[in-house]
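Across the two complexes that follow, chain A remains constant while its partner is chain B and subsequently chain C.
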Partner chain A sequence: MNSEKGRLLKINILRFDPHIKGDKPRIETFEIEEAPGMTLFIALNDIRQHHDPSLKFDFVCRAGICGSCAMIINGKPGLACSTLTANMDSDISLAPLPVFELIGDLSVFTGNWMRSLNNRLEAWIHQHEELNIDQLEQRMEPELAEEIYELDRCIECGCCVAGCGTIQMREEFVGAVGLNKIARYQIDPRDERSDSDYYELVGDEDGVFGCMTLLGCEDVCPKNLPLQSRIAYLRRKMLEIGLKSNTEVCSC
Partner chain B sequence: MKIIYTDVLVIGGGLAGLRTATGVKARGYEPIVLSLVPPKRSHSAAAQGGMQASLANSVMGRGDNEDIHFEDTIKGSDWGADQKIVRMFVNTCPKAIRELAAKGVPWSRVKKGERQAIMNAEKVTITEADEAHGLITARDFGGTKKWRTCYTADGTGHSMLYAMDNEAQKQKIEVHERMEAIALIHDSTENQQQRCYGAVVRNLMTGELTAYIAKATTIATGGYGRIYSVSTNAIICQGMGQAIALETGVATLGNMEAIQFHPTAIVPVGILTTEGCRGDGGVLRDVDGYRFMPDYEPEKKELASRDVVSRRMIEHIRKGKGVPSRYGDHLWLDITLLGREHIEKNLREVKEICENFLGIDPVEEWIPVRPTQHYSMGGIRTKYSGESQTLQGLYACGEAACWDIHGFNRLGGNSVSETVVSGMLVAEYIADYCDTKDSKVDINSNTIEFFIQQEKDKLDRLLKHKKGEDAFALRESMEQILMHKVGIFRNEADLESAVKELQELLRRSRNIAVKHSKSKAANPELVNAYRVQRMLKIALTVAYGALLRRESRGAHAREDYPERNDKDWLKRTIMSWPDQNSTMPDVNYETLDVEEMELPPGFRGYGKDITIHHPASELRQQQVMDIHAKLAEQDKDRFILQNTLMPYKHLLPEKYRGKNERLNERFPDLNNNSAAKGSTDE
Partner chain C sequence: MRHDREQKSIAAYRCGFISYMPARLDFIQSATGLILALFITLHLIFEASILISKDAMLAVTKFFEGYYFFGETYPGIISFLAASIFFIFILHAMTAVRKFPSTYRQYRIFISHNNNFKHSDTSLWLYQVITGSIMFFLGSVHLYMMMSQPSQIGPYASADRIYSEWMWPLYLILLISVILHAFIGLYRVTLKWGLFSLFSKNTGNSKQDKKNKVLMKKWMFIGIIVYLTISLLSLGTYMLIGYQHADKVGERYHSQPQTQPAAPVAEEPSAK
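Right, the complex of A and B next:
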């Protein structure tokens, strides 16, 4: 934080507004002066304020916790708000995340994608017991709570989806984000679903068997979720169930 | 004209809004939730530190209960809070947390046996009881007598929000994303009551305007921190909920000048590092590396209330003890003494923020921090039920509201509690209202058309102008005015000029031109333009409220009136904006009744006591002491004592009246089925 005059950054942005008739995708380049501690959040707002107020992008927390600002940064999915320009070349290219519906420029509609995923996987606790909230809560082993939280940290940013080879080919593939959710509920004793219930949800090519374990996802996950080991674990579990149900079929 | 009908319109998809929606749904009413962003991206997710609830499981929370949580909250509020509402709140917190535990929040748990902790910069050993093993644990936070802040590692708000949103999906609650309410639809009813019927809503992707018509409309849009140039708030916290309420000319806002500054946001960007840093043992240091807080607050040190710590920090900087930087002076937050393991587990978010935004490792290095705008205690003034005091059918909850459990300073950990608790309670009152004939929607389509047209005209005018004011520039000026003239320490001259300048900006904002893009669809320039017009009104209520309040209370610190003045100022500021052409709000005051208080105004315990007392305080104090003594003599328990001092349970929905069980406080016969029957313990 000491240099007085900053570098000149060239920010190349893939622009397209589907709401404007006849608009065509194009790269526009903006030149701005780098400031100390500048993130892509600051840079993009600078462009909006001083060069083009119609530039579309999404930030909410600007602190790397809400998952709004994922985009393709120099060819790789990442969170724009927590990317410091100082760590980058002065030539920066930005594009919207693929797979998701484009709202315009760098803004994509991850919300509806994630919602329909959650609905499909019923990503919530399945519990039938009536709760008396005046009484002591159910106990849980401290380590287990930590383990669940570890997987609960996903921020639905969509980086893993954008970085996933399978999704490019299979539109219905649940992605690492989906598999991680199942892994999260699978270890949660409050969820009454059995492994065969999860098998129903992800025991196929759109689920855990579609994944090619090339692990593009773990590389790009900004929360460093242990996607690799979780997917492997889930695959083993689902294989067990799959084999069991197959033998049952054969023995009849 | 597109119209969507529903029972309950919920504006805002954070914790408060979602909990309201699931609550009314459980009562058989259909809600629709409008959200600017996918609900899981709401600002609720940013609450890293924790949620207060007096579970008393951890050994450091032993003996805690509603009474102590109540007392901490009232003192924290500098007696500005509504004591009955606080009672409702503290009784519901344990229920809220237990409900969330069942919905999937992985609360951090008590582990039996010994563990190391840092207290007052020294290593201590804490031994947790066997019987508490596996129950929800808590950490220390500022301004609390017990360790009461429950948490999930470093992501409490995130986990809560995810659990709530998942629950909403399970309940098949309709959420309309990227939708912004830009005006409330209201009219007078047959009996000359002003009544809210829903909202005009703009689709942020297509620009389409839709009228949402509902029996009850709830605003749960959070705070208005973004009127300041640096704030810990998410960038969507622009006060639009309060603004559209204000623009009805009917609904009122309370205590808008009550703004909290959090002691430890990083410099320069203002991202928060949680109070958990200090709760877990971190300390503040000055330019010489000296730990200065014990000099100012020998008892609570770094864990004094937020307003107190923030002021002490600024005082210390003013003495020349700040660390100079190109962004102005700051101080250091030192958490190195907590050790890598603790930081990587319980303060990981802080570590990531330091790495990503400062390029430092807080395990090894100190963090540059400065007090920064953080929370809006003020908001839409409501009754205990969450309904606006003046506009029937309009409700508000969470940070958007001035329900008033925070008064002039909110305790850390009480905000996420409030979101969920107020959502739970207000949902019941809304459903009760929907049960009555009064809630019937009998608005005619001309009125709806009128409101839509009015908004359309406003938007067209912004787009039509070829020449005019630049909304970005106006906004920057507004942010700077608040930053420099309506900050932590305030005075008459600054506030007066702030009000004048803001009025001028408001006048100019009527002439904003959206120049670059004339698109009516997704158009950030247009959005900024209409929001700035509204933010300026909010900014004026803040600055004007601060100018008029000639005393210091909680986070409102006047250099020229340093004493808390209960004699003249034990009251809430109430503002409305009846004349849309005016550049100033109307102001009224609502008196707090000392004679009804369970905890009469007293000394808060920081610095010297220079309070100007209310004439009724002493008398009430005596009464309270007499009742204490009398009931103690008769061996009455704390519940009877409480009920004698200030009955409140009748205000709670029946199903939330039960007593809260704790390890050392069991109620075998009372609580069985209390959820179903509602207990009658008075």
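Right, the complex of A and C next:
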């Protein structure tokens, strides 16, 4: 179709495999020809196919749904599969996401980090009584269902974590991904936990009161989740508990 | 089953290590910041009365010394106001410093994150840390002076302090720091607590929230530019008055006779 030659892209990749003895972090530059409609994901495959088969990076869905291909693109976290090279300078630098365990090159293990976060925040529906699956589910207003779904769209790609200056200074901080989950369960009527219960999970400086409103999460989220306003909402809810509760009250 | 476990563990947690202080500290930080930012926007406007005339500045000074309420001036009121602001200032500093990088390692991580990320809101926080650190010292000096020498305010007294007593370098740095800190702070506090969606029924409207953020940022820049212009002009005016008045340091300004016929004559310094 298009026989014109594309731009020459210079892709600089921060490479390091902690599993190879003696391997040292270094920048390697690959030159490839840009193709029409090329995404970074396609460019990386090109490199792996034609230049270096040992290059490590993750992908599954190629459509911005699975969140596997999150990486630092020219200093900013983003998904490789939904980043068009046409919108970028021909000099592109790529690095793995910080904070997460490095598997090698651009591949990081977000899975175990997210799993321990979910365990820590008990990110599942809590009900006092066992669910009777023979009964019809309680009805819900469509607006509320939409609102829950909006927050449920999180794909746990880790971009918000990589864009958060707070979590990089203080690793115990739960980050926007964690706070978004709590905000999601807090508005869900099927979850019977009270705000005091949520306060136990995020009512401290590792939780919502550790957030410094740097807004990196909001600006890099590939799913455009309303993180700033949801964290603000959670902060207000948790403040209500903090102001109401008397620290002296104790039943034991 | 789960319920029992929850009841027990919650009771145990409450006695043990669940604290409501983090919520309160965060609230105190934002509330004191908001008060101080609103205070400074008024303070700088009152200072800028010197741009209108010396008499206007004197009228503002007398107003705060209670002249129009009691018929006499009570500089003690200024001391009291300065002490109250100092108290709020200290509370704000103590709660805000919790968020500062506390080790060199944290500092280095943040700086490199900021440099690589090139994200304006992350950099704005860094400005808050820098301007806040400057004000720990310069703000304290200024507030203590206002507390201890409340009567030394007026068109000549202030100008002499700024020019002849070499306060202008301090005021210049303090002025730039406080304006940046206050307006960046106002912008950040609205987003931190979602003040726009405070009264909305649901948890907020995402699209509207994003629009509000852009709008607030615009107002922040407008505020910074307007206040820097007004305040630097008024500081310049005090410098000019101080320069012209340098050989008469200590002499106080009095209203021109046509506005206040009786009182100023009685207060006219005998040396003149």
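Following the convention adopted for this analysis, the second predicted complex is superposed on the first by the 237 of 252 C-alpha atoms of A that agree within 3 Å, B and C clash if a C-alpha of one lies under 4 Å from a C-alpha of the other, contacts with A are read in each partner's own complex, and residues count from 1 in each chain.
Definition applied: contacts are C-beta pairs under 8 Å (C-beta built on N, C-alpha and C of every residue); 3 or more make two chains touch, one makes a residue touch a chain.
It should be emphasised that the depicted structure is a prediction, and the values quoted were computed from it without experimental measurement.
Chemist: Overlaying on chain A: chain B and chain C, fit or clash?
Modeler: These partners fit in the superposed model.
Chemist: Quick one: name whichever of chain B and chain C touches more residues of chain A.
Modeler: Tallying touched residues of chain A, the top partner is B.
Chemist: A:L8 in the overlay: touching chain B, chain C, both, or neither? Say first, second, both or neither.
Modeler: neither
Chemist: Let me test your reading of the model: by the given contact rule, A:F59 touches which partner, first (chain B), second (chain C), both or neither?
Modeler: A:F59: touches chain B, not chain C.
Chemist: Between chain B (first) and chain C (second), which does A:I133 come into contact with in this model arrangement: first, second, both, or neither?
Modeler: In the superposition, A:I133 touches chain B alone.
Chemist: In the overlay, answer first, second, both or neither for which of chain B and chain C A:T39 touches.
Modeler: After superposing on A, A:T39 lies in contact with chain B but is clear of chain C.
Chemist: Using the superposition on chain A described above, determine whether A:I27 touches chain B (first), chain C (second), both, or neither.
Modeler: Touch status of A:I27: no partner.
Chemist: So, A:F109: does it touch chain B (first), chain C (second), both, or neither?
Modeler: First partner only, chain B.
Chemist: So in the superposed three-chain picture, is A:P226 touching just chain B, just chain C, both, or none of them (first/second/both/neither)?
Modeler: second
Chemist: In the superposed model, how near does chain B get to chain C, counting Cα atoms only, in Å?
Modeler: 12
Chemist: Across the two complexes, what residues of chain A are contacted by chain B and by chain C?
Modeler: Shared contact residues on chain A (touching chain B in one complex, chain C in the other): none at all.
Chemist: Any idea which chain B residues touch chain A in the complex?
Modeler: 37-38, 40-43, 45-46, 55, 94-99, 101-104, 106-111, 133-137, 152-153, 155, 158-159, 162-163, 166-167, 169-170, 175, 177-178, 205-207, 234-236, 268-269, 271-272, 325-326, 345, 349, 352-353, 356-359, 472, 515-517, 519, 521-525, 528, 658-663, 667, 671-675
Chemist: Which stretch or stretches of chain A touch chain B in the complex?
Modeler: Residue positions touching the partner: 1, 17, 19-20, 36-37, 39, 42, 48-49, 52-56, 58-68, 82, 84, 86, 103-104, 107, 109-112, 114-115, 118-119, 122-125, 127, 130-142, 145-146, 148-149, 152-153, 155-156, 188, 190-191.
Chemist: Which residues of chain A touch chain C in their complex?
Modeler: Checking each residue of chain A against chain C gives 72, 75-76, 98, 126, 128, 143, 147, 150, 163, 165, 168-170, 183, 187, 196-197, 199-200, 203-205, 207, 209, 211-216, 218-219, 224, 226, 228-230, 232-233, 235-236, 238-239, 241-243, 245, 247, 249-252.
Chemist: Would you mind writing out the residues of chain C in touch with chain A in their complex?
Modeler: 2-3, 6, 10-15, 18-27, 98-99, 101, 106, 109-110, 113-114, 116-119, 121-122, 125, 188, 191-194, 197-198, 202-204, 206, 209-210, 213
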